[in-house]
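Got a structure here, written out as structure tokens. Questions coming.
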């Protein structure tokens, strides 16, 4: 109710602040019998981790996860899985100025208005650092989905600032710091280098895909699968837009074009993005998200302080000039968490029948 | 859990099928002491009602709402408000063909796969008719928000198919069947007439706005205000994309541009769309949604039947050639429902302190 | 959240007031494919109905249920089942006095304090009449449990005021107005006749049993099966105590006696009442509840009015002198609703494996 | 949904196993601005702690709590409060036998049936050790209730096995290991010494009281205050019965006696136990619970193993011969958690009006 728990049957309760002693989460509802170790989780945490290239924040955090409960002899027991990540690189410094000023585009002002008290250290609870527990929980969800249905989660960058990135292959994504589906990222490197020198930041567009998703996941009226995906994605820090399938392009499409024809061999196209009437169709789930430029920039900005007086704010410290760069593994995790939740809900309603995979159309 | 209830503290439990005996909802959590009559609700139902122009479905439904409970002597009592709308214009006919075939772009196939049984009459539960109870509940939410905070909800069409619609004034919206913010809608009339003749359908883009929203609504990590807005909007039938504030345009913006500067007189711009870090800033909430072209069209489409055999489907009956035309009041209702829910959650956490309205920047 | 919804996966959202236009509920989460008609529900409603003997309230209500949604061609579709019961025997009269006075032992005072407004007609929402929708929903739950697991629900009266009722046979319960498990109820008839003449009321003790319950229902820490049973039963109007298995007698038992020994042929006793560590053991679930004497009595009682002034209250109208008499079918319904909810939760977690029935000890 | 979270607005998500690396909880929904330190929580943890007298388990656990989040500069921030307690005295030994056998009266058998896998070390998740996080969370709730309303929570033992304990004074409770409200506990000491020598265990009855509770807490139909209290108490390990106010004694009471008369000076009696129609009346909340004898006893018991073969089980290790002895602080915590949750729910519905305390009748 207080917005720190994601999901209904596979729930993730997130805790922690950017510069507090630790961050983590409690996963409840993970089915028993899943082989699980810290290494299974660490892999995705490492993909999201700061400090891995010059284009992201230089904060050094090992993000080592400890499993505190819910796993016995390497297997989940059906009881809550508590995951703990100690913060190690909180710089002790004077937060006096930041504590009294509101950074434009940041949550500073609204936290102060909402709670009357806020933790200003590194953004406190509003920091993107709090996506780490989400990624950790997503790794558990991914593993179950993979074993149960063969579901694969993937994400890549399709635009960096003004630069569109043409899709070449999923195979490239793991081999560059941008999660870009291209072999040559020199243009992206140059773009980011220029941006940093300009003391500015930029946005990004991320594509997220799930393949081998069973038919029938999602609810008919309010908890539609695409509604829950939109909720999860829009809740990711800095996201300002979410599309499913053809997205905003569907406005200008005609019905004769948009509606994906069905044949005995499968769907002939995937404008729907894998969701019909709020329920998965068995086609690939296709999602696209817009990430705004980072608000923490070195350029001075006009703002006010807690007394309402005008001030000029310069955000020093270690920040990502494009938070979208590290968003791919987080977006995958969020999609996985939505899918596992709906898979369990479907199982509650309809039992553990073998959920058929629909004939699947070609998809890039 | 089964996806028929919206909200956490102000909940709307929706029931009914398009051609069943009745549709309706139960509102739970409405604060006591609100003056409420059926007329308060009927106004918005009439705005959404079918059959009001030649550009929408010709099904005739009075959509008369009956308040079954929760109101005593014209005032809400704090107990559940059950709203009932009888279906009156269900045409009795043979649904044999429809019951065995899957219309492309429709929920037919996925309902059949999910439940193993489906009500094929008029789309059953997947029909957009089920947005009527949402609109009814939204009217109650709007009234409370208006009396408590002076909050105003508005929505208008900003694009019809390929036609962009330049914003002139909110004052025009109530005076044309398109909810268009323009004085002259001849181009829209002509567009729709041509479309109907072509036996085709088109999409639309809708802008939704809430003004006089208190600061501080929304939760920090998962139930962010924008996340819940995205969830509500993407759950509206046919929606394929949701934007908050600058939306997808923010990808190509720089941080120096996007971050809304703060001054003692208020925010200098509203790229954020009224939400910072998932919490309302007191600026206008600005949302834009993409609605796909209607799947029910007279043009024949290739599909399959329940035996997997190829068939050609022609969807007769009474359908909206652009479901976006009636979407404005529904989108307002959804935004109102999200706002009242977060207002009550905020009150639970922080008490009923007078929620300050932030200085508000000029907004069209 | 506002306390009008029971359950988590099989939810019942209850609405209505005693003298409003209608009462009813929306059942969400009922699995698809269950054959269901109004007659299936009416049977239990008739068992609970007022006016069936001289020992209960003489209000005449047919309690005819209408299924508004969720059933197509006699089979549940997996979508919400809305049930409507019109009130027909609300006596129009002046509620002026009752509206200004607080009846001792009633909810009048607390409703007025909580909401600042209350519906005084027949107790409004606090009336035991609102158990009818619970009974209706319970009938659906019972049908599913019976078909799925062979589960049987039964309840009987084991004490009327000071009179203990020795258990003879379940077969007698349907043949007397007290739901008493005895052939001869003359003593109970005489007791009630004397009570009515004395313008007084009395309490009752009810035993509730479920047999053929699968092993494994219930959660480990907070949503234990017995915890949810206690919640459901204590929530029944007038209940002041709940026991599982040996109940309060277990305080004076030794561990060597209380712990039910296990043998290859089954449990050797059932002091646990079918629940171990919060999870069903496959033995009969055994519950006992204490129902207080009705507060609405003809004898004058000292009280206060809404101005805090002393008044003498006499409750006229049509009331049950022992609300426990009609409690048996309600208690069965509540137990059924708890069991189906946990059965679906178990299925979400662990899949639809054939849930084994444990070897069951002899049970009366 | 998986039963590890208590509450709706003030939620406690519990994690851990008896012999795993740690236990703990995440509190979500705690209002901001409450002064809070580990010492505030440690006090109640120490009251519940094992090893403090010869009458309880000799396991040595410091139960030192660490606050991981949600508190900044000694004040709650409105974000999740994660509490961590490391397990330190898990004895490493061979669990081979226990892992293959089911102890009578224990959760062993049902966990194995439910999950297909179980952590047998010290009872795993079913251990009463998991009440420690509940007590820790309850300490936070108590502090807020005390500061907000002056609410006081108290619990004491009123029966030990067959020995009733006459109430003398709350002042004695803190001065003996039994939480007994009497000055002289020699009889209790002797009783327990004899019990241990007999290799047996016994039950206990605990009384729980909350005073200075505002009027108006609780919901009308399903989430009645007494229903949620019954749920919380019955969920405490080993509890088999719950009473509110007069409890089972009300069965034999007449309405003229049971209904608490109201006068301008307050209620004349408290048979209701502080709850009318499911809503607090402002009188003391009075609860009584029955705790069964511990199942872990040194006397040999007949049982079966995982192959269904008969075995004789002797439970060695360190166990409480009467788990009721340490139940008082846990019961207080549970009652506090129910009350704070309903206080926040009430605030959501009706705002933060000063909740009036009703005139309160004399109470021991």
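For reference, chains read A, B, C and D in written order, and residue numbers begin at 1 within each chain.
What we mean here is this: a residue touches a chain if its C-beta (ideal position, glycine included) is under 8 Å from a C-beta of that chain, and two chains touch if they have at least 3 such contacts.
In this text, all values refer to a predicted model and were calculated from it rather than measured experimentally.
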Which chains, if any, touch chain A and chain C both? B, D
B-D compared against A-D, more contacting pairs: A-D
Indicate the whole-number Å distance between the mean C-alpha point of chain C and the mean C-alpha point of chain D. 26
Distance-wise, how many Å sit between the C-alpha centres of chain B and chain D, to the nearest whole number? 45
Averaging over Cα atoms per chain, report the distance between chain A and chain D in Å. 39
Would you please write down the residue numbers of chain B that are in contact with two or more other chains? 1-2, 4-5, 8-9, 14, 29, 32, 78-79, 114-116, 125, 220, 345, 348-350
Spell out the part of chain C that touches chain B in their complex, as residue ranges. 1-2, 4-5, 8-9, 11, 13-17, 20-24, 26, 28-29, 32-33, 66, 68-70, 72, 75, 77-82, 84, 114-119, 121, 124-125
Interfacial residue positions of chain D with respect to chain B in the complex: 1, 9, 29, 31-32, 78-79, 220, 344-345, 347-353
Touching residues of chain D toward chain C in the complex: what are they? 1-6, 8-9, 14, 102, 104-107, 109-111, 113-116, 125-126, 130, 159, 161-162, 200-205, 215-216, 218-224, 226-235, 237, 239-264, 268, 271-273, 276-282, 290-295, 297, 299, 301-304, 308-310, 345-346, 348-350, 356, 358
